[in-house]
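Chain nomenclature is as follows: A, B, C, D, E and F, assigned in order of appearance, with residue numbering initiated at 1 for each chain independently.
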Amino acid sequence: MDIVTFGESMVVFTPHTRGPLRHVHTFSKSIGGAEMNLAIALARLGHSTGWFSRLGDDEFGRFILNSVRAEGVDVSRVIIDKESYTGILFKEWYYNFDPNVYYYRKGSAASKICVDDIDENYIKNAKILHITGITPAISESATEAVFKAVEIAKRNKVMISFDPNLRLKLWNIEKARKILLDVAENADIVLPGLNEAKLLIGQDDHHRIADYFLSRGVNLVAIKLGKEGCYLKSKNEEAYVAGYKIEKIEDTVGAGDGFDAGLLAGILRGLPLKECGEIANAIGAMAMLVKGDVEGYPYWEQVMEFMGKKDKIER
Amino acid sequence: MDIVTFGESMVVFTPHTRGPLRHVHTFSKSIGGAEMNLAIALARLGHSTGWFSRLGDDEFGRFILNSVRAEGVDVSRVIIDKESYTGILFKEWYYNFDPNVYYYRKGSAASKICVDDIDENYIKNAKILHITGITPAISESATEAVFKAVEIAKRNKVMISFDPNLRLKLWNIEKARKILLDVAENADIVLPGLNEAKLLIGQDDHHRIADYFLSRGVNLVAIKLGKEGCYLKSKNEEAYVAGYKIEKIEDTVGAGDGFDAGLLAGILRGLPLKECGEIANAIGAMAMLVKGDVEGYPYWEQVMEFMGKKDKIER
Amino acid sequence: MDIVTFGESMVVFTPHTRGPLRHVHTFSKSIGGAEMNLAIALARLGHSTGWFSRLGDDEFGRFILNSVRAEGVDVSRVIIDKESYTGILFKEWYYNFDPNVYYYRKGSAASKICVDDIDENYIKNAKILHITGITPAISESATEAVFKAVEIAKRNKVMISFDPNLRLKLWNIEKARKILLDVAENADIVLPGLNEAKLLIGQDDHHRIADYFLSRGVNLVAIKLGKEGCYLKSKNEEAYVAGYKIEKIEDTVGAGDGFDAGLLAGILRGLPLKECGEIANAIGAMAMLVKGDVEGYPYWEQVMEFMGKKDKIER
Amino acid sequence: MDIVTFGESMVVFTPHTRGPLRHVHTFSKSIGGAEMNLAIALARLGHSTGWFSRLGDDEFGRFILNSVRAEGVDVSRVIIDKESYTGILFKEWYYNFDPNVYYYRKGSAASKICVDDIDENYIKNAKILHITGITPAISESATEAVFKAVEIAKRNKVMISFDPNLRLKLWNIEKARKILLDVAENADIVLPGLNEAKLLIGQDDHHRIADYFLSRGVNLVAIKLGKEGCYLKSKNEEAYVAGYKIEKIEDTVGAGDGFDAGLLAGILRGLPLKECGEIANAIGAMAMLVKGDVEGYPYWEQVMEFMGKKDKIER
Amino acid sequence: MDIVTFGESMVVFTPHTRGPLRHVHTFSKSIGGAEMNLAIALARLGHSTGWFSRLGDDEFGRFILNSVRAEGVDVSRVIIDKESYTGILFKEWYYNFDPNVYYYRKGSAASKICVDDIDENYIKNAKILHITGITPAISESATEAVFKAVEIAKRNKVMISFDPNLRLKLWNIEKARKILLDVAENADIVLPGLNEAKLLIGQDDHHRIADYFLSRGVNLVAIKLGKEGCYLKSKNEEAYVAGYKIEKIEDTVGAGDGFDAGLLAGILRGLPLKECGEIANAIGAMAMLVKGDVEGYPYWEQVMEFMGKKDKIER
Amino acid sequence: MDIVTFGESMVVFTPHTRGPLRHVHTFSKSIGGAEMNLAIALARLGHSTGWFSRLGDDEFGRFILNSVRAEGVDVSRVIIDKESYTGILFKEWYYNFDPNVYYYRKGSAASKICVDDIDENYIKNAKILHITGITPAISESATEAVFKAVEIAKRNKVMISFDPNLRLKLWNIEKARKILLDVAENADIVLPGLNEAKLLIGQDDHHRIADYFLSRGVNLVAIKLGKEGCYLKSKNEEAYVAGYKIEKIEDTVGAGDGFDAGLLAGILRGLPLKECGEIANAIGAMAMLVKGDVEGYPYWEQVMEFMGKKDKIER
């Protein structure tokens, strides 16, 4: 397996019109969840990926399970939790750039993720273990599971990639900072956004952010700069990669996970750092062109076409 | 105020197609909740009604508040609970007669209803206090609130009507039986369905069910017999009223609350028992002709037209 | 031209859900109007038809004009009335069998139809002039136009068919009776429904109704009996034709016009009276299987297949 | 009551796709009407408001009544006119910036508004009476009602605010000019758009426009400059307030009424003139972000967040 | 693997309204194909299933591949055919009981199925090979593939089940008869409908039909009798099983495949013949309750609940 | 007849959401086809136009036939081909500027267009024969039909206009070049896009492109420059016309055909060359404001309003 990851996925309800949800009459159903998004994005790019979580024994759990399996992601470690329900969320587009998000996830099946769910063999056979900062935020037991997985990866020399994905709706900054920096320091690759890095380590200069993590043992730091693109730094290299201009953004959710997937795909293929960043930017951009967390993620040949690296695909 | 009632209301998501929800792509939003349904049905019939609950400080709470206020129901006692969220539910039509229902209501704002929310003045100025068996099922604090309201009504000679509305998803039969029979014995009017009466008192003969409650101080028992109609018995009278034949049932949810509203409207207007039952049956039937809990409830002149008591309204 | 007819057509808004319109969020646009319906139905059956009216110089007028022209009906005599607007209506399905209808047609372009709009050449070259009782109901000037058209047809020995189509929303029964019976007595074919015949001539026995018109010079009376089918009587023949059983009626509007079209198609083809009635019943039934006034009208081979007169069309 | 206003409201049909309406298949239903818009906008901002009109005794009238009541606006003075119908309109987006609008309002219930509908007590207990130039345009009787209301307000020292809202579809410029300037000279606050001011007084310089009204006794003139923002002038102060840049305008209808509401909210709260203009601009901008006249109007804390005066609301 | 099957799957476009397709404005996308339907139905019932076909290298091919994989069906043998396109079809509900079907499948990728696509190992490791009469109808090369698969199964003692699925749109009766009877005589289980059996062997008595096949070496014949249920006969046993009454049929397509799946599930579980027929009937019925070929297929516990063999599932 | 043209039209399925089609659930049906688009656009501008093709004897063929007839285009020469089906296509908006297009047209009825379908009288009575490069690309027989039509036009001094409309999905560049240049050299007016001209004659300078065709006997060359507008050159004149800036492009398909229609309308009206180009640009721009090939084409007074040549139309 190229990549293994785990964490909560939810059914996402997308409003058919802009404005406050009380004025929205109809909604469409899709799926979302940072780790699952990444697993799907990487599967489309041609990598073998495994994702697991706990899902409720209900229609929404089955919808998520089937949707992930549809993409060719391995779901053999997913646990159906008969006692809990599957979390859901509603998006709302009104006057902010990013959609507002209303969660129904408290006490969800995924919040019951625990150390017993972590299968050592599954992780040690992966090339990369990907962790996000959302999983430790959902419950104590999930936090413990994260640390167990990290420990297994370290012990088995599985590369760890980490996206802090700070969610202040789920926990407070003090608790988040303590745990997320702990995970980060164990990671080989750290993929923060500029704002969350600032909140976590009190720095808003991307050089200093990169150096902070590099000095603590991280091998590669990739900082998302929003429209500006990204800044990448490893021990020996650094690169700025300008972002794509997009005419009409449909949905920013899932762009960060797409960025991470693009970067990891580049690394798995052994591409030069700058090119990894270019792919990451491209997938982040493509993700925003389509409503939904995962619907906009491309196949490898599509991202190459988008980047102008190959001719338009004749259809 | 003719009637005061309280209890949880939720945002209802109705699938646009039949079948398992994982195969349903789009949903419409509406409102539902037994007590609110009854308050709206009675308001349409021309009665002054008041309903209260706790709602989350979110778009769905505002949607419910506005939708109830829209109908002319008094919402002055509704409490916005800043700490909790508004409950929601999904309906599903597959192979059962009634829709399957998936709740997202655990720990909802309404489950925080408590004795402090019960305003003595509000209840004592009503002619009828309507209680359903759902409210004590949602939490301990709501159970206490129910008993406080009942005590106020009794003390102030406000008539109490009670629909057991047994929900075995929310509590077990032993606990339900104990509390619901306690409330029922304090009520003036009891409005059970045949099946729930059977589960509560172990009788499936409607005469015995009626006598059970009458012998414990209830003045009027109205038993819903499904397609068969209803059986009504008071100390001095009894009546069978045959049900309406409906060509195409759209949604059975809300029919029972509509029945209750029709019966109480008849009583408030001082109509003969049999006529009360006819109106109750008619509104129950009309409710099923339209998707949604409350959308099918008629105005007074419409129910009269439906019953053939007046000419077709020229539009 | 086989048939010429004229009268108001409107844009029809069909609700996407059952129930009171205030609870309906979305609507679809189509067309309707008794005379236009008949012209379209006959065009599909293979006859050359002409229809005219006045339409507003607006998008809805253009929509009607294009929709009728689409069917191959001659629209060369349609007048665009720059001073008036195109009428519209909303359907509502709630607790009545037929949909409720809300009109926005007062002072519409079609209500300005007048004697100057009647082109003698156009009428005298038709085999049949079809008149409905709606046109004289919409305005004085339209009434005059009807009588002018009837006079031209009589003078030129063009057969006149007449469907009373009594609309008590548009005028009162006294006025309607006077004018409609006047037209009827000038007609060769009269196509009343049982209820409207009763209101017009005070008879509810179909034999007496038929005799009433036959004794006043009408050659053929075809009485619609709803689900029961129809009763036809001419000077020399009579026939009962049983109706079709339909599992799920979608929309009754347009069924009567489809019946008329089927009957006239049979007559134009010189078929036996009973067969004319069978085709009429079949088209009336097929019209009800589809939402919309005209959408359910069949092609000739389809009505033959529906009647079991030919094998299932392989598609 | 902080504000009382009256005038026609209609059911608004919004096309689901851009382009000429004949090519649009489906429509959504909502509400609109300048005075009602303002009453709703102010209610959301926390002010007590009352609106009245005449509505037809039909589903669309009930839809409007319920929708306004839903927002907490007082509707106790609304009159149900049994003889007339409720006006409606269709929007169309094609090649113009503002939507085209097709009215079905001639002879509507609201056009029957008359002096008898004006309740002196209702007006004299308000802080502000808000008048728009649409009401006198719909009928003679409505014009008289406007002048009676203005006279009551003047006599009782109720502040009068006036938005000319020139609608040349409803009357010609000569008649409009005469009446609107008459109302304006009686007003304390005049809120014209630049173009309509030009048509009314023949000036296109906003200083001259402001001076024109100030010299005739008006205390505050707020001129809407479109994308440029607004210019405000009272006897002692003046202020320019730059407009907001909006990425994607959904619907410009209702923006002007939102602007008025924001300005009046500022005045009712005693804020400095410039801040009143900022709030007005912000609400005008927010209104355009959502399809529909009223759907985009914010709550007070939302407009503060939009203006950057408070942190992002955590949802 | 319990069952292996192969054959064409198509993207199905379902109209949102009844009536001739020229009047239908919008369509929903789903999947269909007899063999795939069966594989999915059996996977839901808990069996390991494999399905293969040729799919175009296009979005519709990817949609089918992902949708089948979503259900847990093994798709490892599916071939992406870069030269061809994925077939599609449109359903239409008008005046026939079954929907009309319009195919766009000529020269589709699946029609290129050929002997090289048949992997001996894949088939010989299955318990059952399921063949339908559609596959030999689509092309010569597919016919050869069918016979190769049958030969492999016979040689390896893999049970063969066969549903004739006669499609006279795809070939003529003479050619169909020759090939289908050839396949049937090699099969262990034959699952014909009454009408197609009549067309194939000229018998319309189900006893004679069963005996015809039994006498040619078939071990079990299960004849679908439509609403009447089914008739089953093996060498030693026979059983009639009455059908289910369904209130509202949504879509008959897929019912036969569901029936086959239910029967095979019973056989795989070693259940008595009559019970196999009951399960088959139940799944056929459930399939018709939901629009779409596969959407209505149940999980095992759901079919048990539907048959009244277990309590209502609490959700 | 002002213009006669012929070629394939298809039913177009437009996705309701952006993104890869496998993630799109619902689609709308409309029509498209370069020659038909032009005929409709010119009919709206007030010209008499005739279009013909072969259509399948199916619902989609009838839909196209009726839709074209609706617009007042003469369809008397359309042939219903009982042996073939009507072509369809799906649009997809993902990450390219123009939509991706998936065709189902191989062996369609229109591909059977042949010399026998060309009615000499029909063509010789037209002022202009319009040919596009798509028709010779669909089949050999259609190529022959094109040359026959060209020959008739030449012989009868009917002006020939030609849009190369190079479609490399339908044929390869070598074959296309040979045939398209042959047609072009017979044309009076050639209307290429810059890119296709480059592919055809290996020039990318618009002066050289124009001179290439002028030197071969063409009288007028109008080169589409995309957003830049167009460049026109005849023997005596030349003109650049800058393009329109459009805020939100909905659909680029049909813009080129609209451009051609605008240019030919100008020529038919005898307008100066530059004005012809302005109208062409305007219609091309308006076409892009609306989803669908033809929905955005204006009436004459609308294009005049759009160009600012007349006041806003009061509606």
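By definition in this document, contacts are C-beta pairs under 8 Å (C-beta built on N, C-alpha and C of every residue); 3 or more make two chains touch, one makes a residue touch a chain.
Protein identities per chain, from UniProt: A, B, C, D, E, F = 5-dehydro-2-deoxygluconokinase.
Values in this document were obtained by computation on a predicted structure and should not be read as measured data.
Trace the shortest chain of touching neighbours from subunit A to subunit E and give its length in steps.
1
So which chain is farthest from subunit C, going by the mean of the CA atoms in each chain?
A
Farthest from subunit F by Cα centre, which chain is it? Let me know.
Result for the farthest chain: B.
Counting in whole Å, what is the centre-to-centre distance of subunit C and subunit E, each centre being its mean C-alpha position?
The mean C-alpha positions of subunit C and subunit E differ by 46 Å.
Could you grab the centroid distance between subunit A and subunit C? Build each centroid from C-alpha atoms only and quote it in angstrom.
62
What is the distance, in whole Å, between the centres of subunit C and subunit F, each centre taken as the mean of its C-alpha atoms?
40
Going through subunit E residue by residue, note those that touch at least 2 other chains and give them in order.
If we look for residues of subunit E contacting two or more partner chains, we find 20, 25-26, 28, 58, 66, 102, 248, 315.
Okay, in this complex, where on subunit E does subunit C touch?
Result: residues 17-20, 23, 25, 94-96, 100-102, 168-169, 248 of subunit E touch subunit C.
Across the complex, what residues on subunit E touch subunit A?
Contact set of subunit E toward subunit A: 58, 66-67, 69-72, 315.
Under the touch definition given earlier, write down the residues of subunit D that touch subunit C in their complex.
The touching residues are 13, 16, 20-22, 24-29, 58-60, 62-63, 66, 85, 88, 92, 102, 104, 106-107.
Within the complex, which stretch of subunit F touches subunit D?
Per the touch definition, subunit F meets subunit D at residues 28, 248, 250, 286, 289-292, 295-296, 298, 302, 305-306, 312, 314-315.
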